[in-house]
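For reference, chains read A, B, C, D and E in written order, and residue numbers begin at 1 within each chain.
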Amino acid sequence: MESIWYKILGAIITVIVAFIVGLTYMGLSRKITARIQNRKGPPFYQNFIDALKLASKTSAIHHGFMQHIGPAFMMITSIMSVLVVPVLTGDQWFSNLNFKGDLIFLLYIMVFGPLGMALGAGQTGNPNSAIGVTRGLSQMVGFEIPWVMALVALMMQYKTASIVDLINIQQEQGVWLMFSSPFAFIAAVLAMLGMFRYSPFDIVGAPTELASGPVSENGGKYLFTLMSSNSIFAFAKLTLYVDLFLGGASNIVELLIKTFAIYLIPMLYGTVSPRYRTEQAIKYFWGWPLFFGFLALLYAAIF
Amino acid sequence: MNMQEIKENLITHVKANFPEAAEKEFDGNRLDFNVDKQCIPSILTYLKDRLGYIHLSHIACVDWLEEGEFEIIFIVWSPEEKMKVFIRTRIDREKPVMPNIDMIWRQANTYERELREMFGVEFIGLEAPDEFLLEDWGGPPPMRRDFDTEAYADDTFWHRPGREDALDVREEIIRRSREEIPDFAKKYSR
Amino acid sequence: MREKATTLYLGPQHPGITGNMMIRLKVEGDTIVGATTEVGYLHRAFEKLQEKRNWLQSFTLMCRFCVPETDPMEESYARAVEAIEGREVPERAKYIRVMVLELARLASFMLWYGGQNGSLGLYTMGQWSVGDRNYILDLFEELTGGRVYHMYIWPGGVRRDLPKGFEQRVLKTLNYLEKRLDDYDDLMFDNAIFKKRVQGVGIVNKEKAIEHGVVGPVLRGCGIKSDIRIDDPYEVYDKLDFEVPTSDGADIWARALVRRREARQSIRIIRQVIDMMPGGSVYNKIPNPQKWTLPKGDAYVRTESVRGEIGMYIASDGGLNPRRVHLRGAAYVHAITLLEDVLIGENIADVSAIMNSLGTCPPEIER
Amino acid sequence: MINDKNSQKIVDIIQNWSRKHSIWVLAYGTGCGAIEIPPTMTSRYDAERLGVRGAATPRQADVLLITGYLTTKTLKRVIRVYEQMQDPKYVIGFGSCTINGGMYYDSYNTIKVLDKYLPVDVYINGCMPRPEAVLAGFGKLQQLIAEGKANGATKYKENLEWYRGNQKKIIPNWVMPEYNW
Amino acid sequence: MNTIILIFIIFLGGAILTFLAGMLKGILKEVLFLASVFVPVVLFFTNISIGQTFSFQAAGFAFQWGITPLSYVFALIVAGLGLMAAIYAVSAMRNKDNVSFFYFNYILTIMSMLGILFSRDLISFFIFWEIMTWSSYLMVVYQGKDVQTVGIKYFIFSAVGAYAMLMAIVVIYSLTGSMMIDSLIQSFPGFSFNMQLLIPILLLIGFGVKSALMPLHVWAPGAYSHAPMAYSSVFSGALSKMGIYGMVIVMVSLISHIPGGHWFREVIAWLGGITAVMGTLWAIKQDDAKKLLAYSSIGQLGYIIVGVGIGTPLAMMSGLFLAVMHALFKGTLFMVVGAIERQTGTSNLTEVTGLIRKMPWTFLAALFAIIALAGIPPLGGFISKWMLYESLIGSNHYLLVIVIFFSSTAAFLYCYKFLFGFFLGQEETEWSHVKEAPAMMVVPMLILAVSTFVLGVFPGLILNPINEAMQTLGYANTQGHLWELSIIFNEWGNQIAMQPIVYTIIGIFLFFLTFLTIKGYKETRYVTTKDISSSGEVPKEHENLTFSMNFMQPFFRAVEPLMRRQIDKYYTGFANGMEALFDFTRRIYTGNGQTYAMYVVIFVVLLLLFKNIIFG
């Protein structure tokens, strides 16, 4: 019984760490983007101030119960993802209840929140929200395919659906999956561009088109919850990539370095790209990423 | 063909078809025709289709309050001949009615909407929403000379007190010109 | 009864709108099936106010017509007044005017770079170009005292002569900007995604252009070589050597190409003007403004701005005030009937890009 | 614990500090002053280093920036947008025209004094105000927020009838949903 | 008296009595109807045990009725869903014309489905199959709309399936001399290879029609959407499972025994995969909720067929589990549509908007069902999806898993469209009069919806009978290494424990729900959907602010090449070709169903006559 409480405590700490790291990364990304754009940029802790500001907004409105609980759904997804993904290998405090780190479960729990959020956005009655949601769902169908191909390739190659096992395999072999199954890595990274919703795939909340899309009716505490959820989710996704392809991390510094290296890819790509139209984004994912996905499957089938 | 020949050529052509058009020549590439309002669509169509004046550059309206008339000026431009032609017409100020020309140039629609709203000129058969620039406007067409905007503004809006003191700025200018120019500003003075 | 198509309000409070106007879009899916523009959010009744101001006071109102590029308005007003009065302008003033106009064009192009890319989500471009635009505004500030409102080109010449060494500073800025324009090309025109987004979108073909009276880069973007500076030359443009770029695509991409080359032509013109700059006075003195009357008559002048031709009609009744001033900017034809027409069948995602590409500037419509 | 006076004070200080350093400006260019907003936000002046950034919809924004003259038609939209914003919210009047009508003092279509219709926290004067002036205005607003004096929204709530009366005087066709808090 | 025969007698008697009671007005016929469904179902649950049989001789054939573990699983679906839908139907069909005819057919359908499951011999199997087909056909044309197109399509395909099955039965009888299913299974390995191919193909045509397998699915969208919704939930939830039931027997008991049967099953699985993708894509395109659900059913049946077709223990388990889940959630969804259609008068997703505050309970049921349909944890749909993926990956079906995944990701699009179209969006004044559906309609929906949740947390409840069924089909016992009460495993031993997941989710949800509610409680206001940030403008009365037309257009631009052709067109082309070929029959061609059926009969008879020549 006692161990369960320790685990829960560890999980809560993990979530807090994820929240802090996620927000810091977003702040750093703003800083780096600013440097690329020839300006000083906000301090790296700017996002904490923004979050605190949103949390200290005194009033809030909602258009009904679904919108009220939409951010809570989003939180379920992000926290569950953090809990499923093993953060540090072999660390008692960061074993975070992971439910054996099942990949298929992770894929589906990742959809839970966006769909709940989409219902909340739908209830606002704002057409921009609904259009944003349809775009987001369409784009999701786009990038999930190469992403799943990469995962299926890994699962078939190593006969396991568990992230923990995949990390162990990497540590036993002493080589990262990034090198031992390169095509899966490429497909997954290309799909990741869509997952992080930086330019050119920021079509969901495109400000100049939809005025921030699904979140356009959310302010104050709702936006705060969404923002925290996004930062936790970003951390979860980054950790997942590190676990799958970069051999996991045994201490927190290694984890931070690896996740940030991964995080730079979509961010830097985003600063120099305009936004795709929805169908162009889908077609992009069904082009080269799909090709690499097939290569990954082929590679997995042969070896 | 120099400018003078172009003008003469144009006058002959227009005169042949619209004998009542009264021309007036100017320096440079400008030529005016005074016509009756009924032949506005036909003369514009003629200019556009036959003589290559394909660009409607402007439609302006001048309120000659004293004479009780609006003057409406259509300005067309020929990219071939590099010539501006002014088609002018005068209409009654009390009952301003004009033929519609937005089937000749689509953008005329916008001009006509503006004239309708700002001067109260009615264009027969103009299809456009009633309001253009103003919303819920209750007063007379505001661009008419007899509409006093200052009185209306005083009447409707609240003015911040203090503005009337600054009416005469000359004293202030004199006062300021005696001030010493700061050092950093000296290098900019010539 | 409720309509079938969804109504989507684009503006006035919307990040994607170019200024304070509104487009009421009717959409089915993400295809636009109907568009109505609504303007008038910026109607200040300049023309009415000018009837109350004297000829010089009217001049200060002129630059406030449309802010991205204020000098063509001043130029139009000055030339119209000069045409009615028959006032001569010193040669040096003409050259300075051309230089200021072209600098203003360049500044406006910088803003367009930012707007066009910002509408497509490439914000880095806007940060670069709008930041670099400050260097031009610095020059303006030195010359006229204002960053945006210059009130520099007035009837009879320009308000004051160039400061010492101003030409060198202009050339230095131009050298810098020329390098930066190459950077912009790398980011924007060599960008495959940008190309994908804008090619075949927002088509204004020749027929439509004639029908709607399209002007400026939009007209040149559909292959018609038309530029007021060449067709109806004013100031000293007929003495200068420059090209009028055209493109055949008729879409946003074609218009972007036209603007890209025009920005370089502006730099070329400024260099020539600085080379050819004569000496002499910069203005013919106007009489006491309180008693300044113009003869009865009217004038219509046209000036090429970044968005296209600006036409100004001024009628004088021989009094102290203008009888009637009527200005029509390029957006007056682009942003209402043409925009409503072009938007049908386009994607919601492209509305903002199309507006930027057509050069809609609401204050020009509403005045 | 929160009800305790001293701890409430500390909470207030922290909250005001965060509000001060995170100012989300609603993307609404109401007038010609909007032309100096891009330079303020971009590389040379870079307002983002002060925590100022754009917000797409009124629900997310903190500051309504009235960039210049307001026509009666725009005023209606501005009121609508202002009432949709969440507390605490601030208004910055930008340019001479918001203060006393500026050069449009006799125009029939623009309002002359903004604070009759909306509670203005900070005025930035000039025609047009330079980016430095805008930054200074934001600085002033930050100062007011930190001191807890930027309470225009409270004033608006308390004097809603007076504001409403002024607004309805110049907007004849009042079809907006009622603002009830 | 034997309980089995008692059940059927009550069913039959109830049906006739209800039909006769239709002359009388009032509550009597409703009570009779409910009783005649309720009593046999209760009898089934209480008095029937597996292995019980009842046999008799008639007309020279031996008939045997009894229940096997496999049919017990399906009988659970039929009995449970049949009962719920019956309760729902009483309220839903009140004040409709000709209700007693509906009741009559409904009872007959339930009876015939149970009959199919009880039959141990092919004759009674076929007879019940025909009763089921006929009663469902009468239901499809019950509302009298588009009988010429929809009804005939259904009729023709059913007839084709039935005759194919009949032909198979004839062949089997000629080969074995027995009508028993068991004897067929026993003697099947001894058949010649041609027969081994012919019999399963003919049977699969019959079953494939009912389970809407890809080239045979054409009838389904029309038929599902034209029947009364109270019936459609049974139609899609239970009746289509009869095809699956047959397929399971054919796949496992027959095809496994033929050499190269592995490839045969691959083909079926791929057909299922394509069915899933096309069904999903077409579902996204529909604007009518009934059609959407109909296509969605086709897609979901595709998953089941994939699971059954692959046939590894995990796959078979997932297929059967999804069959149960599909009955639950699709039954609920059809009921939801029925309730909304009853309250608003239309089921068009582009017209109805913003019912969430008007019909909250219906929304709750729909929400649960949709989450289950989308396969999102922790509801039951996830279990089946998870098992399906793991089985596909475990059995090295590289591409099929991608196809299935594409289909199930794309399914989110129509899931959202369904919920958004009916319940979310602007609350328009034209629907302000709408009230919540009567309790008799809401309660069955909620019961079914909640059961998806229960089965999601404790999948073992239904995996237990499935496991038993699979053991009789020749699979090893999977309890303990593939599933426990609330834990499921894949073939490599990776596991998903549902209970801690559910508790964590509920914990997080409650925490943030409390946070969102308590924080600034006094200053949090509800505003109407008209008060949205529409760019500062106040929308006009007649303007539509709900986004509903061409909902997923950008997606369709991307998948355009897939959608270009309709299977329907091939059939039309085929029919046109037939017409040209039989040009001389033009005089007797009347354009109605009988003629088409005639073609089929002639074709089948010809096939039967020349079977020896064709198949040697």
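We adopt the following convention: a residue touches a chain if its C-beta (ideal position, glycine included) is under 8 Å from a C-beta of that chain, and two chains touch if they have at least 3 such contacts.
Computed from a predicted model, the values in this text were never measured in an experiment.
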Touching chain A and also chain D, the following chains
C, E
Chain pair with the most contact pairs?
A-E
Could you tell me which chain's Cα centre is nearest to the average position of every protein Cα atom shown?
A
Per mean C-alpha coordinates, the chain lying farthest from chain B is E
With centres defined as the mean of Cα atoms, the chain at greatest distance from chain D is chain E
Roughly how many whole angstrom separate the Cα centroids of chain D and chain E?
58
As a quick test, compute the distance in whole Å between the mean CA positions of chain C and chain D.
30
Whole-Å gap between the CA centroids of chain B and chain D
37
Just give me the whole-number Å value for how far the CA centre of chain B lies from that of chain C.
20
Residues of chain E touching at least two other chains:
523, 525, 527-528, 530-531, 533-537, 545-547, 551-552, 554
Multi-chain contacts in chain B: which residues touch at least two other chains?
134-135, 142, 147, 149-150
What parts of chain D, by residue number, touch at least two of the other chains?
27-28, 42-44, 54, 56-59, 73, 77, 81, 87, 106-110, 181
Every chain pair in contact, whichever chains are involved:
A-C, A-D, A-E, B-C, B-D, C-D, C-E, D-E
Per the touch rule above, chain A residues touching chain E in the complex are 55, 57-66, 68-69, 71-73, 75-76, 79-80, 83, 97, 99-100, 102, 104-105, 108-109, 111-112, 115, 118-119, 122-127, 130-131, 133-135, 137-138, 140-142, 144-145, 148-149, 152, 155-156, 159-162, 165, 211, 216-217, 220-222, 225, 277-279, 282-283, 286, 293, 297, 300-301
What residues of chain E sit close enough to touch chain D in their complex?
523, 525, 527-528, 530-531, 533, 536-538
Can you list the chain B residues touching chain D in their complex?
134-136, 138-139, 142, 147, 149-150, 152-154, 156-160, 162-163
Touching chain C in the complex: which residues of chain D?
26-32, 34-36, 38-39, 42-44, 54, 56-58, 69, 71, 73-74, 77, 81, 103-104, 106-110, 127-128, 130
With touch defined as at the start, can you tell me which chain C residues reach chain D in the complex?
12-15, 19-20, 40-45, 48-49, 52, 60-61, 64, 67-68, 111, 114, 126-128, 130-131, 133-134, 137, 147-149, 363
